[in-house]
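In the two complexes below, subunit A is the common chain; its partner is subunit B in one and subunit C in the other.
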Partner chain A sequence: MDLLHGFGGQLLLGAVSTVELAAASLVVGTLFGALGCWMQLSGSRVMRGIGYLYAAVIRGVPDLLVVFAIYFGGSLTLASLTGRYVEINTFVAGVVALALSFGAYAAEIARGALLSVPQSQREAARSLGLNRAQALWTVVLPQAARIALAPFGNQSIVLLKQTSIVSIVGADELMRKAAEASGATREPFTMYLAAACIYLVLTGLATLCLEWSERRASRAFGS
Partner chain B sequence: MSFKRTFGLSRRTICLLFATSLSCGAAFAQASYRIATEGTYPPWSFKDAQGALQGWDVDIAQALCEKMKAKCEVVAQDWDGIIPGLMARKYDMIVASMAITEQRRQRVDFSDKYKETVSRFVAKKGTPEDVSPAALKGKAIGVQRGSIQANYLSQNYKGSDIKFYDTPQAAELDLVAGRVDYILGNMVTYFVGFMKTPDAKNFAFVGPELKGGLLGDGNGIAVRKGDADMLSKVNAALAAIRADGTYDRITAKYFPFKLM
Partner chain C sequence: MVGASRVTRVRQLTMFDFSLVWTVLPTLGKGALLTLKLTALIVMLGTLLAFPVALCRNARSRTLRVAANAYVMFFRGTPSLVQVFLLYYGASQFQAIQHSVLWPVLRDPFWCVLIALGLNSASYTGKTLAAALAAVPRSLREAAFSLGLSRIQAFWTVDLPLAVRAALPAFGNEIILTCKATSLASTVTLLDLTGTARLLTSETYAPYEVFLSAGLVYLAINYSLMFATRRLEALLDHSR
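Take a look at the complex of A and B:
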């Protein structure tokens, strides 16, 4: 740790914060994604419109702007609605912004996966006497999940690295800690290299998890 | 911890809510402010290996609070979001060695100047102290392109050979290599940077401290536009720490010269 002039602990704290941000955003973002996908495939034209608008706007705008909008715009909006200042927690604002972004991509992934399951599968399931929910749950979703897993995992790794933009609004995550450490020690190369190594370890672990779950998902049914 | 954080109830938020409800009850309770600084810019503001905020700006902020008889929390905020954060009421003032510029004046109100932007020539040890345009006629002077010092030289030192560099470091390297006779730049930046390097052992500041006019309006403490109450409190506290020597005492902790 001497190489890091005692800043190793700070960098690790930053890494913990990065993982917390990523994990919370993954959970909330997956919910947003499911909701977005459901709206896009809905029978109602209004719902479909909202679903597509969500994906189009969020995917078309830099994530940094989304973070600014939630953190600064959010508290100004709440203040004007309630008539007094409302504090928005950095962590919450970061999770909401990252989840909005993740959800937009996840919705597209889920929609693509669901649509790639042939219509005949659904029809066959219905003709065996399953109702719509049963057909979706036991026949369509397991097949769609296999297809969705790889791009979904990809997007999760992007999310892990994306957490660094939340440092702009004061979150003490890994990149911010590295910036502070390089400022204090005047050794930016060492500190950012250390941060890069930590990111590599984190994304490496995430990749291993994904490979394991892909192997698991591609087993033949019933085995 | 992470469960609580997910739902927005960090310990700080709870404390803030609690504090707010308390201060509503007691209308004359002690004021409390949040102050933003930058946090990666030693010796002005930086975090030590324990993650604690340190530096000249942090000390000044705390001294101001003492004079305002307020309870303060100093927070580190990334530079890119520091003015938007003030406008969104994340904190009440910015004490971060922020240069007073016309552009920033349109978005925030600045206190009285709390630090001078001082420029100074550096040359080989033993160089005469006279750095007037007449004395430097025909000499080569290195300066950072686009800086306030570059503008100042172009206007006043027309008889000298001014060489422009993309970074202050490039000018410093050419001074060491002997391609220029003088360099002109921010004195404190030289003091904490170039003058501390082994290359600088044969070089020294020459001539007087230069400031004002083309060389900048100094640094100010930023408050929200139109927050006249805050501004007058900050200015009063600033005058108080200047008058009773606190300001100079803090400066002496970091520098062997005065900042104002």
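Take a look at the complex of A and C:
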């Protein structure tokens, strides 16, 4: 890696952190999304209100603002709880912020997918003697998952790119490594271009995975 | 001790201070003006550039198609933050640029954000527009030709109006995404809404109040934008 003045390895390490950050945010974000969707479809008005408010607020503000709010607000909360100044872990703050953002979109996707499964499917499952949980798990969810796959995958790719903003509060991922390498070599264009190429490979691989799973998921429909 | 005084401040500020929201709102308003200005200019630049991108993507020439696809792939496949940094920090690497007429523009963070996010927006809008243009039924164009319209006339009076109307919902979404993306301006020293909020936080040590206020301003802007684009869609929709 003579081209990158020995920083190639550092950038690759950064890419690994980026993937870890994205994977952790995806898992936590999906949980937030499931929770948000469950609240939005809940019978209680208060729960529905909170579920919709969550999605509406997060979707209306920039992710960077959410990252700042979690990072600085989280530091202050921890400080007031423990009584001394604590620096919050940037990886954790990043995962929480990115997951909050992803969850808001995931909730909308999940709600749309669940509602698009015809009511008759649920009724048919119930009339066959399945209880509510069984009907949801074996009849409604498999059909909804197929509908949600494409938008969910696209949002995951957005998430992968959005991990870059966590570098602003100092999380040690690809963007951060590129910034450090730029400072050390005084070749910011080379370093950011290298980072851009790595992101391109990551999003390209994610797109291929998504296309493959979409093909697999649509296969059963034909038979 | 700095640390000790900071802790006392922290303790004093654990309660949510509503009066602080009113104090910071005027300053945040100034930041919001820059956010709005950037959003408007980026959307304009992005829309303007979306037309050549869309035409190249649908062009008969293979070279043009490959070039447009590569452009769209780069801007959609990499984070906007890399694009902004590549232009703002990257340009300084080259002596040739520093001595050229471009330098006053590329040295200015405002122009860098505008150009980087404008190019980014053009890739998204261009892709939508290309798909919308390709979806215009052939029969409509043939009907236009048979009425004696030239290719250019048919494009302007038949293809484009239909494509624009079809692309409008996605375009409205793109405006809101652009407004949110302008928050990246704060990473290259600009005092937009996010940048101002960050500055106010370091001055007041009150992240809850400041970021909540900034969030409310963003919500007001974005939901107004959403309302406006929905109205525009309804106005242009003659089928109803």
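In this text, the second predicted complex is superposed on the first by the 216 of 223 C-alpha atoms of A that agree within 3 Å, B and C clash if a C-alpha of one lies under 4 Å from a C-alpha of the other, contacts with A are read in each partner's own complex, and residues count from 1 in each chain.
Convention: a contact is a pair of C-beta atoms (placed from the backbone, for glycine too) under 8 Å apart; a residue touches a chain by one contact, two chains touch by 3 or more.
These numbers come from a predicted model, not from an experiment.
Contacts of A:49 after superposition: neither subunit B nor subunit C is touched. When the two complexes are overlaid on their common chain A, residue A:91 makes contact with subunit B while staying clear of subunit C.
By the touch criterion stated above, A:142 is placed in contact with neither subunit B nor subunit C. Of the two partner chains placed by the overlay, only subunit B lies in contact with A:5; subunit C stays clear of it.
Look at A:196: by the touch rule set out above, it reaches subunit C but stays clear of subunit B.
Once the two complexes are overlaid on the shared chain, A:182 sits against subunit B and subunit C alike. Look at A:72: by the touch rule set out above, it reaches both subunit B and subunit C. Touch criterion met: A:168 reaches subunit B and subunit C at once. In the overlay built on the shared chain, the residue A:204 is in contact with subunit C alone; subunit B does not reach it. Touching of subunit A by both subunit B and subunit C, each in its own complex, is seen for residues 68, 72-73, 75-76, 79, 85, 167-168, 179, 182, 186. Those residues of subunit C lying in contact with subunit A across their complex are 3, 6-7, 10-11, 13-14, 73-74, 76-83, 85-86, 89-94, 176, 180-184, 186-187, 194, 197-198, 201, 205, 207-208, 211-212, 214-215, 218-219, 222-223. Per the touch definition, subunit B reaches subunit A in the complex via residues 2, 5-8, 10, 12-13, 16, 39-42, 46-51, 75-78, 80-81, 84-85, 87-90.
Only residues 5-7, 9-10, 13, 20, 23-24, 68, 71-73, 75-76, 79, 85, 87-89, 91-92, 95, 167-170, 176, 179-184, 186 of subunit A touch subunit B when the two sit together in their complex. Residues of subunit A touching subunit C in their complex: 56-57, 60-65, 68-69, 72-73, 75-76, 79-80, 83-85, 161-165, 167-168, 175, 178-179, 182, 186-190, 192-193, 195-196, 199-200, 203-204.
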